[in-house]
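Structure in structure tokens, see below.
Naming follows writing order (A, B and C), and every chain is counted from residue 1.
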Amino acid sequence: MRDQVKAWRLGRRLILGIPYAWLIVFFLVPLLIVFGISFSTPKLSMPPIEPLLSYGADQVMQVRLYASNYTFIIGDSLYLAAFANSVKVALISTLLTLLIGYPMAYGIARTSAQWRNILFLLVILPFFTSFLLRVYAWIGLLSRNGPINAILLKMGVIHAPLALLQTDFAVYLGMVYSYLPFMILPLYSAIEKLDPSLLEAAADLGCRPIKAFFRVTLPLTSEGILAGCLLVFIPAVGEYVIPALLGGPGTLMIGRVLWDEFFNNRDWPLASGVAVLTLMLLVGFVVVLQRVQSEKVVSE
Amino acid sequence: MAMSSAAVFRAYRTRVLWGCGIALMLSLAACRFSSPAAILPPMTGTEPPVINVYNWSDYVAPETISRFEKETGIKVNYDVYDSNEMLEAKLLTGHSGYDVVVPSAFFLERQIREGVYRPLDKTRLTNYGNLDAKTLARVAINDPDNRYGIPYMWQTTGIGYNIDKIRAALGDDAPLDSWALVFDPKYAAKLKSCGIGFVDSPPEIFDSAQIYLGIDPNSERLEDLAAAEEVIKKIRPYVRYFNSSQYINDLANGEICLAIGFTGDVLMARERAQESGNGVKIAFMVPKEGAIFEVDFMAIPADAPHPQNAHKFLDYILRPDVVAEISSFKKYPSGNAAALAYLPAAIRDDPSIYPPPQIVARFKDHHSESLNYTRYENRAWTRVRTDR
Amino acid sequence: MKTEPGPGSAPIVEPVSTPYVRIEGVSKNYGSVLAVNDVSLDIKKGEIFCLLGASGCGKTTLLRMLAGFETPTSGRLWIDGVDVTSLPPYERPVNMMFQSYALFPHLSVESNVAFGLQQDRLPSAEIRERVAAMLQMVELTGYEKRKPHQLSGGQRQRVALARALVKRPKLLLLDEPLGALDRKLRERTQFELVNIQERLGVTFVIVTHDQEEAMTLATRIGVMNAGEILQVGEPTQVYEYPNSRYVADFIGSVNLFEGRLIEDEPGHVRIACEDFENVVYVDHGISAAPDAKVTVALRPEKILLSRQRPADLDNARPGENRVSGVVEEIAYLGEVSRYRIRLSSGRLINVSQPNLYRHADRIAWEERVWMAWDSSAPVVLAQ
């Protein structure tokens, strides 16, 4: 009996160990390598970094850490501007995605079961095509000779083709389009859980539908809103492809800066520093949000 | 979710710390492990009939690879990339597993210094003599004594333009032989509405601007960089985008009317326009002030697992019939003198592909830049690109 | 199924006051499904009116139409003289206590109760005062800051009641108000509900499938089936004078016997049933055609059980309303015992007898017993 319990415990530990091992090997170790490289300096060698560990002449092991990458990043307005712009673009994209995604999620959650499946499929359908392909499709749609301009010209709404591509508009369009499913799915599950009788109760107590939305629906789906916003905001901050393909040349985002540091400047340590700071920015953001949320839970 | 996660985190703090410790040790070990391959593996014994080739996308003829496999019985694993930087990142990480790679000259130059490549064993390259002596002499500034690479194809950075649209915008006085067409704000302003695109590659654009100003493009003086930046800044408002591949399609379908780009890409746009029959006529111009000469090498990484097969592959590429087929298919001139005889006249006599000697004389060789200068250049590029 | 007034109906009591809630010819279709079929009903001020029926009978739909969550397909609804048929729920002088309570999980007890008052933009001091008073009435003072998930089922039910009552509605609708409570709590809460109703004088309309709940709470009961109201009356009326087999069977338990009217006098009738050797004698007249097929309904508690053949009834002929059988099952429930007795026809009859004595010589299995009932006991129903 006791042996059985022991075996069961061991088995449980092994099973729980698999995700831990996975996270350590494929997430924590690479992260720490990046973290380590961010304290190195570039060097003409293979790999192009100064090793952190070295042996001195007297066989003393030396660990050399350079903080210069961080002082450089913090002291240079370019990186700050890129961070700020990334956060701005990500925030606006998240807000737009929320504004568009919420009614969609609400609609899906409130339709009949057979329609719900079809609508769900439509939301997920874009995932069946490559992300890159879908962004390229937008290039075709938005170009001066593209179908959108052609239709508008034919309808007489405009007289010369609009410059839609390589604009901030195109970036936000691409962001919202690409990340919308990540917003809709958590929102849907939150709204779907919402008991419709709560809205009836609100109406019964004299609350008009719009007010009931803000007093009942919105607060009760706040977890879904939070989850959706994080799922959109976090990848949006580091987004590289959409601004590169749809954005104008003036779009300065941290993803591009990181790319430039790594590939063009070939400065792996500085690129790692940018990556670490980006990560810290996002982790800080999530931690603050979690605090706010958990304080809310405690106060409730 | 929020309330419990904090508590769970506290409870598992010790375990997390343990995990972090183990991970730190693993990562330190990993950092130490990736040391450069100092000693070249010897080219003796038999190699498995496999070769891993890493080439630019769209850079061989359709039959090139399958013919090699048929003739030698060596299976080719063929991968492609679309930027020197991507290739460099893989090579510098080490253990890329590739046997043949195709870097551009000014990347090869500094990678040689970093010990990335294996010296060629020219006794194994029976067709080496087919290479053009003048070209070999020219590229020796990047690859001293031609020790590490064979010149594959070459091209220049020039101006591709839509003949009709430029004429419509500028009339007959358009300087169709000069960098002034794009770097002089007087002309660039008039081309804004029909669209200007730049390849997103700082050295090419800055060097071209320096050539326009009569400055040595290989100069690493910061004043010279600033002068080039000043030129580009003035015309920046008229540039629609900076992108390394988009201008091919956009030139072809009339979306833009001018691009600073590579010979091969512009000629590809010209061909696409012809094929689609949309009436768009594209031309490529090597400005009279000169243009950057770009040559791509084939080379063997120092840690290539199949160096003997790699030499066989290079020798195959050195064959005039093989490289001529690639040249006529891709419309790139090669550094292979013997191949000229195998080229159809339409290719050989096309001045856009094989320019006459007086234009070749305008080509400027392109040295590798120091990493320090690259940083300044890229910073200037970011300023120009984002218009800050 | 459309029913005519049954032969055993009690004399109709004319409503004294004018109707407070008037439901006039209301129907509700969902596609081809008829959920409520031409219901007309008057409810007086201060009443506790119970809509009783099995699930799916349309009682909840009718309640939701009163609340405004559903719009009648046809017919009209009046509350206190105002036609509310097309008013949205948030404009009706009506509040509802939901079956699930529908308390707002993100709001405290206090905020839940205050919610309705805030919609009326009352001054906050008044809101506080009224909420406190209401919480005191439902004995939840001290629980103001709790969230619904921190309360027991009974406490939640009282919050829901307080929230619905705090707006002083003209009409309070209660959907299965005691359904989620355990038995002990139900019994206590039933009386609390009645107390509160009496104190505030609010008109209650309660929907329930539980006839015991309906009997305890209601001043009047409306029995519903298949979208129609079959009978409306006080609890004793619907129990003692059901007007149809459905009502007789649905409320309480009953033995039903098919029979034929063989003697039809103004003062009494006689019915021949195949299950009895002797006829059934009923001491009041009914309106039915002679020789009509009827159903005799006999409640188990109205049958007397004895070992000896009981004496004949004074007003009937010998042997009438007397029958013998063999005890097949006994269930001892404490206050009463229930028996299932097989007649010679093979038919089983349910009989229940109060356990009057502690040390009685109880009737046992397999015993042959006699059953007898008074001539006022049977209810005669048209088939």
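Quick note on the criterion: contacts are C-beta pairs under 8 Å (C-beta built on N, C-alpha and C of every residue); 3 or more make two chains touch, one makes a residue touch a chain.
Predicted model, so just to flag it, every value in this text is computed and none were measured.
Viewed as a contact network, the protein chains form an open path, each link joining two chains that touch. Among the chains present, the centre nearest to the common Cα mean is that of A. If you average the CA atoms of chain A and of chain B, the two centres end up 32 Å from each other. Here the CA centre of chain B is 88 Å from the CA centre of chain C.
Between chain A and chain C, the centres computed from C-alpha atoms are 59 Å apart. Contact of a single residue of chain A with at least two other chains is seen at no position.
Chain A contributes residues 195, 197-198, 200-208, 211, 215-216, 219-220, 300 to its touches with chain C in the complex. Taken together, the chain C residues at the contact with chain A in this complex read 67-69, 88-91, 94-96, 98, 100, 102-106, 115-116, 119-120, 147, 163-164, 167. Interface residues of chain A, counted against chain B in their complex, comprise 20, 24-25, 28-30, 32-33, 36-37, 42, 44-48, 51-53, 78, 81, 139, 143-145, 163, 166, 223, 244, 248-252, 257, 260, 262-267, 290, 293-294, 297-298.
Within the complex, the chain B residues that touch chain A are 1-3, 5-6, 19-20, 22-24, 26-28, 30-32, 34-37, 83, 85-86, 88-89, 91-94, 110, 113-116, 195, 202, 239-243, 246, 250, 253-255, 371, 374-375, 378-379, 382, 385-388.
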